[in-house]
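What follows is a set of structures for review.
Below, subunit A partners subunit B and then partners subunit C, in two separate complexes.
And now, the complex of A and B:
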């Protein structure tokens, strides 16, 4: 008989990571990337993915040195109490900001694309209430839900992309480097932070069944994400061409509106629920991670109780921008460039200091 | 002043009690005593306890045993025992005895004889159908087992119909039920433990398990939970189920109730624990996962392909039941663009004269369906089917003609109602039907968005349920070693593992390979 362990297996972990990062292909991220790189934008997730191997590699190195400790404690052990605390606080603020942007954007997607007459606040409250309910159930449950729905979500995405490709024109990808090779590399490396979620995985690393599972799971999900985001962006590009795709705020939703299947001309309602499922699970994970970090920062043991207040806070914050389609997207684009150095250098710094200090000496003392 | 008023009013309205409360402490004290050496005193005591001769079916018969020259008496309850056995194996041998030094137990030729020293122990056995033999001068009582409770014989299962499987069902006799299970598992490791679970009516519960498979911790967990029960009477398993389940208010059942001995035996062989009780035409199987409610006995007996085809049908039936009405409501209200225009025109043409919004329309028809269903269940047998068909036909036809509902709603509701019957398990069936209403409301309020929200919440809820420590969706998520019998099942020869979530002592099913 299985006792309550609170640990999640590798399947659940991979499903969670893919839903956290992979769902980005269906929000405004592609449109942010299309703005500067036009028809070469689909290189960005690939190049950024390859660059992010470095920080993820070092992050895993550091995390596996402290197998039973979470990221916050590791930061404090390596960087010392005040600086570590400051870093965690900064990460938490960044997470909260990202969460606010994302929930606002997702609410906007639902509001502008599907429920144009429903009050935004109502959509927002339902979105956050469901995510908060999921987050409050705990990581195990989020993992289980993620694992049980991921196949259907990905199958629906796959069908949507196939239909998009069959309706699109593959020649739209040329000229292949768009504004130029150098531009592509430069812009892509600025957007490495689109994988910054991997840093936050350190927070839940100690809940994964084993360090090996965490390492393996992280790499597998990185590979899947590096593959699926560019393919989706290619599909948008082929369907709309670069000029019009630049004008679209939510290319995935425009895509599922555009495609048709035989006698069914409007099939977006078939894909919409799966996207919703993915979004609910995604925000559950974010809320959970936020609550864990906040609980650690302010020594609150029962951090689950923070989740409903957090969800409420997000609704209040997310309702501030009046036209999230433009304001939030703009802020998000800036935040993406801003977060890149943090994502790239934090694991490097952690690892070098750890090496200089001579590995994990404090583990016994800290436990 | 106020006090006086209050006491005056309370005096005025006090219910006059004609029957003063009586304490049974004397009786309890009497039952705690030991058996006396005097036969006369013992008989008097038992006459007092059993209210003889007011109590008509409790009989006392006085005897004289020649040979040892002693007076004796037997007490029994004639309605729950086989008097023939007593006559042949107790009365006749005693009266014909010629030996002078023989022990009483050697005279009696009945198959089971035990002794008791306390009055309450003797009472317990007599109440269960034993015959008590008192011998003058002995401070103990002989208890001869001859219980024979009346009941029906083994019949066909009525709720869990199977085409190919055995056609025997459990009945209300615990011993028959145990015999049906033993018939399928002929192994010395099959243990049938008995415990008394209620304080007053002393209901016996049989805990059945296979000793070399079951997880000790799980068994201990279940026994602990059974030991904490503090109830006067637990009549049968359906009531016990409600007492021992972890979440009594949950929408999903967590203990499987089956009337098929073959199913119980199958679960036993996988390391599950089965509870059997007198007066219950079923067995409880625990722990239960979602899949055990989703599966039916026939899935085992049909060939691989047919069984999985059935599973597909049942799975789609499950989804149709939950979603179809809600989808109709949300599509017509919020996502009309997704319906092909010809169909949309047809729908709106039929809805032209209907005064209600679709949401109300669907809700009305669904409630009507539930009404027919519940009423059909309670109607006396001979007119049952007639009422059902007439009710459904007339209600549907007349409602459409009266422009109360549109024909398409009748189709949708009929489809959802029909599909709901594909889920065989009664508890799960209820769960699905209740969820359906939640979905319709969600679809009416927020369309597909509301439905997805409710579905996500439901999913989070389902994965958080545990039945005696086993996650509800195991072995799908979290993953365990098992034969992966979830939505689909494997070829029977490839089902090599017992469910790992039970942590059985032996996970591999086949003796030959490991």
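And now, the complex of A and C:
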């Protein structure tokens, strides 16, 4: 189909990655991190970010050896047909699970913080319908939407954080090591998988205009999210103190409810639409990646027709848990620790097997 | 043709989705806006009396100022919590009750001193509509009486009245800048004491013989025709329970010592060192943060605080002419520093001995001296504070001496 032959540029790519990962600072991820590490939780995104340089480095190494091939095919080439297939299937299941948790949480945020009367199922349906519509338009369209809205989203976030810092007290970050130095390092390395989205980027790597753009874009966006998420978490900490921030389910949304701009109170109505936009883009990308992987797994050529059924499936799955605020957050916290080894070792394994086998033979022949 | 129809139908169906935005639609004239919530002790065990001050948004707005409805409505009843009360209120109030415009949470002193108070207070964090930046006020009498008696003469719209009088009080340093957020924050951190704004309508007509700085709400004698409500001083909370009251002077000292609290327009008087009969009027300006020097070692510590202050002398009843007289200025500076330091140190001692805790936010500064939370929690600031050695010094710099720096020589005028 015509729309998928188009490629996305580095600008679009970076915008997409930042929206995919950066938006995590505004859901329940900070609260999951604060639970264990209290006032030192803001170290986690930094430490985890530095650790994740290793898998991302090897992932890029592998991907650049096979330009114009997507992650699924690479897995199959390197690991052999059955094992590669199994790995892709596993990645797809993990992606689906993460997607279900996240959409359920976002629906819960909208339902508990903003639209209390609207039935949950309806919020869910509208959220998924919009995302599915976006995803069906194709990667190129998602990319250009992401690139055009990211400035506004980040400016609004910047304003919110500035206001939070000006209302907060910097002394709340002390004692600096929270529950203890080793505790911080240990917990942080368990949560490296908060950057697991980078693996899934391999799925769409071949859509990026060039390998160089993909490599450069990935590093730039990693740096941006490593800076962005800790700053946001520091802002919550300075505003609420560690005892109180642990009690909040969605710190970002409590923050924008508390801050006021001079005589303007209730300014959450200003920040909420930007957050919604970011969420739509985020889920569009997820849906798209899920569909690409599923299409590859079961040899479905027109995979974009899978997007609406996927969205429906997510609504049905996401509606199952009772009180998602806690149940889903618990599951997500466990899944985060569970996914870490996969994220860390998969690229390493891929790279070493590739090296043992002597690199990409096709590539060498061409050279 | 068929395809076109399909498209049209799907567009119309899509438009239906937009309608879902109306689910949470609320009409302004169909809601009753609670501006202040009051909490009192109830006769029944484990319940409390709730008072709603409902403001009329129609009243006094410029567009439709010719409404005959009264500007507010007041109801009091017994309830189990802050949420179900919204439904119970509808027995008498025709419109749907909402906390969307809630700005003031008022609690009676009797309830605030009760052990169960904190349990009820946490309802405020549960309800989505209650904002954490609402003012937190404690009244001497029952809140139901307080709100009934409170009748400002010039501000018939009570929302305007509360906003203005609290803002002024905070600027003057007569009351602390406390909202629900800070109250919960301090209570949860369990290291410092929290404050509440203290107010009453019960005037005290006897002359207390105190200087205006040492007064508490209700003690200032005011004649004439005005509202009986007074906001002055603060209520002191320890672990979510009220344990005492601070008068205006103590409240100001607290604000001076606590860098997270602010006051901007503070006028006060000091005894005149050159004539015992008079007091000097002065403006206090604090532009810099306090210098707090903390030494923490094995289970106790030492705190040294220096407060940088700029003071402008506004009156000169003893006619000394400070402007021209460097000697006397020096003497005055020393007297003010000594006077202030003595008062502050006395109050600090009082917090150590009587309240066994401090409302100065020093526990926050102490956190810098610990590496891990467990160390800090083991130190237990609230327990350790009374054993600490605290020394407060005031560092005064003079600003201006009034618009006209000099007064005429009294001897020559009387001549």
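In this text, the second predicted complex is superposed on the first by the 356 of 367 C-alpha atoms of A that agree within 3 Å, B and C clash if a C-alpha of one lies under 4 Å from a C-alpha of the other, contacts with A are read in each partner's own complex, and residues count from 1 in each chain.
Definition applied: a residue touches a chain if its C-beta (ideal position, glycine included) is under 8 Å from a C-beta of that chain, and two chains touch if they have at least 3 such contacts.
The shown structure was predicted, so the numbers you read here are calculated from the model rather than taken from an experiment.
In the superposition on chain A, A:11 makes contact with subunit B only, while subunit C stays out of contact range.
The partner that reaches more residues of subunit A, of the two candidates subunit B and subunit C, is B.
Within the superposed three-chain model, A:134 lies in touch with subunit B and out of touch with subunit C [touch as defined at top].
Contact with neither subunit B nor subunit C is seen for A:30 once the two complexes are overlaid on the shared chain. By the touch criterion stated above, A:45 is placed in contact with neither subunit B nor subunit C. When the two structures are aligned on the shared chain, A:115 is found in touch with subunit B and with subunit C. Once the two complexes are laid over each other on the shared chain, residue contacts for A:347 go to neither subunit B nor subunit C. In the overlay built on the shared chain, the residue A:281 is in contact with subunit B alone; subunit C does not reach it. Contacts of A:251 after superposition on the shared chain: neither subunit B nor subunit C is touched.
Of the two partner chains placed by superposition, A:321 touches none, neither subunit B nor subunit C. With the contact threshold set out at the top, residues 114-115, 118, 122, 126, 129, 265-266 of subunit A are in contact with subunit B in one structure and with subunit C in the other.
Subunit B meets subunit A in the complex at residues 215, 217-218, 221, 287, 331, 334-335, 337-338, 340, 446-453, 455-457, 459-461, 463-464, 466, 468-471, 473-474, 476-480, 501-503.
Chain contact summary for the complex, subunit A toward subunit C: residues 38-39, 112-119, 122, 126, 129, 169, 171-172, 174-181, 240-244, 247, 254, 257-258, 260, 265-266. Listed in rising order, the residues of subunit A touching subunit B in the complex are 1-4, 8-9, 11-12, 110, 114-115, 118, 122-123, 126-127, 129-130, 133-134, 137-138, 140-145, 147-149, 263-270, 272-273, 276-277, 280-281, 284.
Touching subunit A in their complex are the following residues of subunit C: 17, 20, 23-24, 125, 128, 131-133, 181, 184-185, 188-190, 260, 364-365, 367-368, 370-376.
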